[in-house]
Amino acid sequence: MARMTYLQAITDGLREEMRADERVLLLGEDIGAFGGAFKATVGLQEEFGSDRVQDTPIAEAAIIGTSVGAAIAGLRPVCEMQFSDFVACGFDQLVNVAGKIHYRTGLAAPMVVRLPTGGGFGGGPFHSQNPEAWFMHAPGLKVVAPSTPEDAKGMLIGAIRDPNPVCFLEHKNLYRRVKGDVPEGTYATPFEARIARPGRDLTIVAYGAMVHAALTVAEQLAPEADVEVLDLRSLVPLDEQAILESVSRTSKVLIVDEANETCAAGAQVAALIAEQAFDQLDGPIRRIATPDAPIPFSPTLEPAVLPTPDRILEAARELLAY
Amino acid sequence: MARMTYLQAITDGLREEMRADERVLLLGEDIGAFGGAFKATVGLQEEFGSDRVQDTPIAEAAIIGTSVGAAIAGLRPVCEMQFSDFVACGFDQLVNVAGKIHYRTGLAAPMVVRLPTGGGFGGGPFHSQNPEAWFMHAPGLKVVAPSTPEDAKGMLIGAIRDPNPVCFLEHKNLYRRVKGDVPEGTYATPFEARIARPGRDLTIVAYGAMVHAALTVAEQLAPEADVEVLDLRSLVPLDEQAILESVSRTSKVLIVDEANETCAAGAQVAALIAEQAFDQLDGPIRRIATPDAPIPFSPTLEPAVLPTPDRILEAARELLAY
Amino acid sequence: MSTATRTRRRPEAAPKAETADDAPVDLLTAADHAALHELMLLTRAVEERGVRLYKQGKIPGSFYDGRGQEAIAVGATYALAADDVVCSPLIRDLGAHLVRGTDLVEVFRHYLGRENRLSRGREGNIHFGDRRLGVVGPVSMLPDMMVVAVGVAMAFRIRGEQRCALSFFGDGATSRGDWHEAMNWASVRRDPVVFVCENNQLAYSTPTSRQFRVRPAERAAAYAMPAEIVDGNDVTAVFDAVRRARERALDGGGPTLVEAESMRMHGHGAHDDASYVTPELLAAWADRDPLAAHAPIAVAHGVDPEALLRMVTERVDAAVAEALSSPMPDPAGATDDVFCVGEPQGLGAGDAPWSGFATAAIADRRQAA
Amino acid sequence: MSTATRTRRRPEAAPKAETADDAPVDLLTAADHAALHELMLLTRAVEERGVRLYKQGKIPGSFYDGRGQEAIAVGATYALAADDVVCSPLIRDLGAHLVRGTDLVEVFRHYLGRENRLSRGREGNIHFGDRRLGVVGPVSMLPDMMVVAVGVAMAFRIRGEQRCALSFFGDGATSRGDWHEAMNWASVRRDPVVFVCENNQLAYSTPTSRQFRVRPAERAAAYAMPAEIVDGNDVTAVFDAVRRARERALDGGGPTLVEAESMRMHGHGAHDDASYVTPELLAAWADRDPLAAHAPIAVAHGVDPEALLRMVTERVDAAVAEALSSPMPDPAGATDDVFCVGEPQGLGAGDAPWSGFATAAIADRRQAA
């Protein structure tokens, strides 16, 4: 065990799996000598050379599309979008080529698309997006979003070993803010939900950075209520059983999602519960998400749209009092 | 009033609005002399010339992006994706450029992207998709999906007159199958829901082609139950009031959606009801959608994934008996 | 990249011909001409039958054929070694599948939406590829598969393998951004990929004049990529251009663009009567029919085209009969395999009928002895 | 397109110079040189202050500047008429905004995330554009705005207006598909657009050698597009190339690509120390500083650069002071204006300081009289 930031855990996961499996290679803009915009790949080109750690042209469609090609030819590409926002430029290759290749042809595209997501640091409309729902709505793609350094490493390795294309959401706001113990060597964390904090009175469902906001709120509420925080970790596959079990224990649920509200991951979780656990509910299914607006830049505007612990706390209190 | 197919109503709407407003121009692959893959623009290049009805290169990003440019320069472009599936190739321009320009800069992009959607005719994975949820999850885009010829014409004209980018979903399976009376001249149908059939026992929420499936089921159930069919018509803006009012009248709701299930429009509607109308519900919120798979080609496989009247009927019966 | 490995795949009998002036015909034996002719006949026969089955309502969805362009896919794919990869044949490229040895019954089962090993009924028309034969099925979005082919080639290059990827695209597809990204990336990295542009004068109803101002082969210069224009109705010319491009790719010379000039003799799909094409233009191109053009060469090599046609027709008849009696896919499996479970299944080796490879194998064995 | 309309915008004093050899300097008066020098000084002063404010933690998010490239945006935009449109200036192109007359206080308010008319605090760093001055704010996704510029130009062409669109892009951005789609579309349609490539040797940390094998200006031939390479550190050269490209666009000659060669003298953003650039390379380019290069020319035209600098510094000081005392945006408006309600507000006319336009206006009036 070593204490690491979330970002260090990602670098460590890449390094360890590249040592363990020579099929693994990295592609992305400025990921080589520069080590990537967020320094997630620092030192890797030095260790593994420029064929396995490739600086690419600014060409997101080609980054994703050549990864599909390399994957069907037997490699295990891990490509980085410099910011997850730019994945829109390679959307078609991801959704139509990577996502459907196995169903259509029997080939498989074992590849990972690393997506630095989320807001909270004045990134504005094009450096703060959370694109996961687009990919949840595209059959054939797995979508995972770890919230801790241990899971970041384990799920990244799990994603590399998965025989399918995996969208790996790494929230930028966790990179240096969150630290934790991380096992040495390689290990694959299963794509399942995790009870981040057990409780009996209310379930807060969250993933990625919002898990930490939810935990903060749960602590704040501790004197008055016993709040469970369910960290989804994986959005596709979605751990429906864990969600339904938690709701059946607590009877009340609040879903927190940093993405824009409409058709977000949280909408899917709410729809699931409303269909499958209706009988167990003792109150409406509450959601907190970013309203349907681009993420504004200004320090007074950005926190007005992002789900803050305050907004979560208020909704949780209302629900507990229901 | 003239009796027209859904497709003829679209052509009529384009023609009438082009006559009424010289700023309107059409862009798309093979839409000129050929009249478009589905013949929606037949005769228009003849009448309006090749500047106002433009055959474009195969370049979806440019079709959408130049439409944004033309729109901010004062024109009213209506562009056609040959099949809605190809909008993935212009995704970034639509989501990042068109959708965010007003919020960010104060400019506006009054433009329409016509999207021939949906399955049911052996089109396979790349000619059957329903992409609306992607755009519902992208702030700044309106999304409409008429189900009748009258609405197709009126909402298309409304979309052209709207000062925002509008994704106009025209279900291919309605083109020649659905006929109806269509008013002459120009008229703009508001982006609001419509009660396609009033009822007291159960609400079926649907849009586009699924409205017709829902109406079929409602007729089949008429001897045993009084089913309301709510035709959403507009997904963004979503007519939340109409949805909540209908549910409060019937207390039971079944949401039908041809798109892949996860994070679909139906998920958003379900989440809305579960949050805002929980008290009014007398049963779980049921959903019927296409499971999360590409749309298969074979005549035995395609109907196994698409929501059929039979599947809807079964779910409706279960819910009525709840 | 060791010289030994390279030599293994270069036929001893084939002197390195770097320009179009070298006589390509020398590289093709009588057996090659028989095979080429048969493959083109077979392509046409399968497509003719497909159109008929579509018009009879037996093939669901849509149907596309490559009438008049048979020489391109056949000639280009004929230049590939067994473990090269075709990524991907497009709607005019049935011939590529046939060269690689794709089972005819499976092709018709696929067209008909029956249970089959190529697509399991999940895909239709020309969207298939037998991965066991090193063929990657295409997507509709043009020309996405060029980018994927570059990725396949990148894998070959990185692993130091003497293999290349072959990718087809139409004139119209060159307008899309992915075309540029593929061209640029392959060139910067010197990936071993051969791009074959089928310039058939049209993109659906739109003539090339409304698609671009500079023809694709000339645009290759913008990527420092070697390019060549060949008569796409001359199967030996296409073969030879791709053969040389493949040599260059295996020699570390990177990608090549081969622009094969031809004409789409049918509508865009079976639903399209192509009334936007003048009868004169079609007639002029009919005189250059690739099968008719190759027939005298085949005859000169002792081939009997009539006999071949009879044989081909019989094969097609038998395949159609068998396919028509095959079961439809089980609806219960409609949502299976969205995700891969377990070890991915990769790309296998296809048929490589060109005699040059056999010669090389013999030379290899001789050298090893 | 009537000749009269065309003449109106072509300055009488400006003989049509079709090659780079013609002396562009003749077209620039002493007042022009003073303005160009001032605009470059202003660009640098604003950016220097921006970097400082960023490092002081007063500017949130990130900060980008165009140190060493001031001549490109200033020179290019200086060639525009009032109702031409800049779509869009990029992260190195503050000068384009300044030429068009963008209010300095608003620029600093924008940087600082204060309430402002450019972005209302919804956007940061160099993502803004004053639509009232005919400037379209850029998106991050490179080079999406080239495609949008083509659409703007298309509207001008269709309406028969004598206007053009000007679009900037970096060397690195040429690798993306949208670059190709924009180049091809504009060329096929002969849309009146001027593309200015800022070849500053780098895309973030990546040198051009890893982005492409053929430099952008040479690639224009693939689109039958006229192109020219200019010294991007010579403001008069940039001005003149764009002036001629604009003439061509208004004459119906379609798009032109101007590749301005320069060097990014700072890191990619204020967070980046650019340790991947050798000090020697930076030193060599420092000797070609665009401000230093223009200073003697300005002086020869009677300009006092020192005085200008003092004036510019005062303006910047005052603007910063005012901006710093401006209120932050009201959080209550954070989700306003996602949709436009009512009549869209369009693009206005910007400053067009080049004396050539004034001369033309005078000539016009004379002709009308």
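Read from first to last, the chains carry the letters A, B, C and D; within each, the first residue is number 1.
Operating definition for what follows: a residue touches a chain if its C-beta (ideal position, glycine included) is under 8 Å from a C-beta of that chain, and two chains touch if they have at least 3 such contacts.
The structure presented is a predicted model; accordingly, all values stated were derived computationally and were not measured.
The fewest steps needed to get from chain B to chain C, moving only between touching chains, is 1.
Listed by label, the chains that touch chain A and also chain C are B, D. Most remote chain with respect to chain D, judged by CA-atom centres, is C. Centre-to-centre spacing of chain A and chain B amounts to 30 Å, using the average Cα coordinate of each chain. Work out the mean CA point of chain A and of chain D, and you get 38 Å between them. In terms of their C-alpha centroids, the spacing between chain C and chain D amounts to 47 Å. Counting partner chains per residue, chain A shows two or more touched chains at residues 57, 59, 61-62, 85, 88-89, 92, 96, 100, 103-104, 125-126, 139-140, 292-294. Counting partner chains per residue, chain C has residues 119, 122-123, 127, 139-141, 175-178, 181, 184-185, 188, 210-212, 338 touching two or more of them.
Taken as a contact graph, the chains are fully connected, with every chain touching every other chain.
Per the touch definition, chain A reaches chain D in the complex via residues 29-30, 32-34, 37, 55, 57-62, 83, 85-86, 88-89, 121-127, 291-294, 296-305.
In the complex of the two chains, the chain D residues touching chain B come out as 85, 87, 119-120, 122-123, 127-129, 131, 136-137, 139-141, 144-145, 147-156, 158, 165, 177-178, 181-182, 184-185, 188, 337-347.
Of all residues in chain D, only 175-181, 184-185, 187-188, 210-214, 218-219, 221-224 touch chain C in the complex they form. If you check the complex, the residues on chain D that touch chain A are 60-62, 113-114, 119, 121-125, 127, 139-142, 172-173, 175-178, 203-206, 210-212, 276, 328-335, 338. Contacts from chain B toward chain D in the complex involve residues 25, 51-52, 56-57, 59, 61-62, 65-75, 77, 92-93, 96-97, 100, 102-108, 110, 139-140, 142, 163-164.
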